[in-house]
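A, B, C and D label the chains in the order they appear, each numbered from 1.
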Amino acid sequence: MIEAKKLKEDDLGQQAETVKECMKTILEDVRSYIDRIHDEDIDQMINILLEARKIFIMGAGRSGLVGRAFAMRLMHLDLEVHVVGETTTPAFTSEDVLVTISGSGETSSVVNAAEVAKKKSGKVVTITSYPDSTLAHMADVLVVVKGRSKEGVPASYIERELRPYEKLTPLGTLFEDCCMIFLEGIVASLMEVLEKGEKDMKAKHAVLE
Amino acid sequence: MIEAKKLKEDDLGQQAETVKECMKTILEDVRSYIDRIHDEDIDQMINILLEARKIFIMGAGRSGLVGRAFAMRLMHLDLEVHVVGETTTPAFTSEDVLVTISGSGETSSVVNAAEVAKKKSGKVVTITSYPDSTLAHMADVLVVVKGRSKEGVPASYIERELRPYEKLTPLGTLFEDCCMIFLEGIVASLMEVLEKGEKDMKAKHAVLE
Amino acid sequence: MIEAKKLKEDDLGQQAETVKECMKTILEDVRSYIDRIHDEDIDQMINILLEARKIFIMGAGRSGLVGRAFAMRLMHLDLEVHVVGETTTPAFTSEDVLVTISGSGETSSVVNAAEVAKKKSGKVVTITSYPDSTLAHMADVLVVVKGRSKEGVPASYIERELRPYEKLTPLGTLFEDCCMIFLEGIVASLMEVLEKGEKDMKAKHAVLE
Amino acid sequence: MIEAKKLKEDDLGQQAETVKECMKTILEDVRSYIDRIHDEDIDQMINILLEARKIFIMGAGRSGLVGRAFAMRLMHLDLEVHVVGETTTPAFTSEDVLVTISGSGETSSVVNAAEVAKKKSGKVVTITSYPDSTLAHMADVLVVVKGRSKEGVPASYIERELRPYEKLTPLGTLFEDCCMIFLEGIVASLMEVLEKGEKDMKAKHAVLE
């Protein structure tokens, strides 16, 4: 455990600067990603979600949390949705779709789940930064979401361009935030297609906690 | 359960538009919030996190998931952090801080936890959209995060300005996304103060799942 | 964190004795409880579970885990069941039943949930050691499960009879284990009433994890 | 979803009989198991738990819930313990031990975790019904817990002896309950070795939920 360490007077205000710089970096990054999403991928993803009998969501770590935030909205929209690993999640069948979220596209527990889903003749949607990853190759619908991918990038570029990101957005931060915002968009679109308003969604909102 | 409903040819591309419009709306919204965060609130929050012996995180629903994504990063930074309600979360003591995340500032299970935290003479950080809420009033450090607050807003404005948001960002969406990005900023700042790099954080990353 | 401490040679075998003594204590304790369960409480509980549209399960700490183990079985039996606080748990309505599990019958988050359930005109089943507790008084069906209740017990008896239990079965152990075994019995009974066999249940078993 | 089905008058009391018969079956079953636990396995398991820097617990489904109930007690005993897959669970290192709980000893996500643990040069404790399973073979300490194992059992015996169990205790019920009670015994023993009383444990008890 680290020692508690009071910010010195001199640092006052400086931390606020770092916080805001990081926030702006993330926003710009997600913004630059939007125009590169393929319209057909979006339509295919929405189609497959609407056609499925049950939707299963899976991701590890922070990707899993982003997936859960999405699952909650699908439940509000009255779709049958389950998070892999939660208590009342039932069996996956051929009429179901598994949405996998993995920056690297290689997370082993997620790959395992996708393998089972394919064996059961169900569908797989993969959201990842790596279009050549194992999960990408298993996908019926693939959505490539910006992360801090270094594939095919010259070393000098990494040094100059990616280093500053490392400092502000460790590990999968950009992928997770891009994913979160992208999935909000999918929810907005589903609201439109399903003709659900805020009132309908509120009616499904958990009340016991 | 709703009936599966294939997108009609005519809708192709249109859903992509909605998805992207929603994403842009969220980004602009978070962007407009950044400049209004008080620098002192940020510094106080970072200070209180560094001084605490243990950090506890609590939120219900999607706010709770955003809290967990933050908790994971604090763990990567080698701070002792626990999520209220998880299996191995220990007792809260006077040396600890509870970070509550609640758009309305009134979620009853979160208010209860904050009451216990105060009774135990610990500290409370509240992140909310409502500076006059119960959780805001109990806070040692208060961070007001933009949501779709209607407080003090004329009805005509709501009709004209907020309705479109409702369609694209139901319920607490804006609060949750603002919160997510804001907490990424706090993490970036803690990395700087604690002099932790990406490598240090990766070393703490869960490997068994 | 405590220091690691290797068992001394002399202790070998002695720890096995303690482990086995504790196991026997628990078994005898649960055994002595069985004959005291009221048959009508069982029938009422089964009735209310079968009549409900959705079943919600709630408990804090280890009681919550016992509740989840029960919820998993109800899902295998094809009943609609949700654990309060999990990602995809929907709104509670007047056609639903909330099963609360709390040794003391006073756990505040559980009491809150029961209050909301009553306000929504739904049903409440309470499993507790204290028939005079808040949760017991709110119950439509009350099942009293043996715990280490000290109510109405002379101090000398506590000294002589309960102390040894304290050493072997800390805090709510007896309540939780009694509850676990009792709920297995409820599952066996539901299998009979619903004419479900092991094969039917296996078909619903989660496969993606 | 099945149709709600009210118990008929004639069935009143009969369900209570099934419930109680199931409870007795489980208790006898666990009882018959106690004398067959090897004393050395118990001592080795306690030793390895005490020597570990961090204890990780993993199981899928109901076995995972039994593992969490155990993890909560280890936390009360002030040992550093984490549940694989929870938010704040850190990296596993060579000084740590992974306790795996799996009736079949073949659950793929658990096998994966054990493989990583071995690769990291840490220790593995396996609790299973199958001494020849993958997880059993990977174990530094193996505890065989009674389940409804059919290994080496003549078909006629299965028909005569195991069928009735199937009706009352579906799938892994016996394994899970045996495990639960066995781990309570391990907790009692650790309390003794670590000289912890109920009061010490209560002091660590979660208070914010």
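Please note the rule applied: a residue touches a chain if its C-beta (ideal position, glycine included) is under 8 Å from a C-beta of that chain, and two chains touch if they have at least 3 such contacts.
As the structure is a prediction and not an experimental result, all values here were calculated from the model.
For the pairs C-D and B-D, the count of C-beta pairs in contact is higher at C-D. The angle of the rotation carrying subunit A onto subunit B, fitted on C-alpha atoms and rounded to the nearest 5, is 180°. Subunit C and subunit D have Cα centroids separated by 17 Å. Computed centre separation for the pair subunit B/subunit D is 36 angstrom, with centres defined by C-alpha atoms. Within subunit C, contacts with two or more other chains are made by residues 65, 68, 72, 85, 87, 109, 205-206, 209.
By the touch criterion given at the top, residues 65, 85, 87, 108-109, 112 of subunit B touch subunit C in their complex. Residues of subunit A touching subunit B in their complex: 1-2, 4-7, 11-13, 15-16, 18-24, 26-27, 30-31, 34-35, 37, 39-40, 42-43, 46-47, 50-53, 60-62, 65-66, 68-69, 72-73, 76, 78-80, 109, 166-171, 173, 176-177, 180-182, 184-189, 191-194, 197-198, 201-202, 205-206, 209. The touching residues of subunit D, when paired with subunit B in their complex, are 56, 58, 68, 71-72, 74-75, 81-92, 98, 109, 113, 116-117, 120, 203-209.
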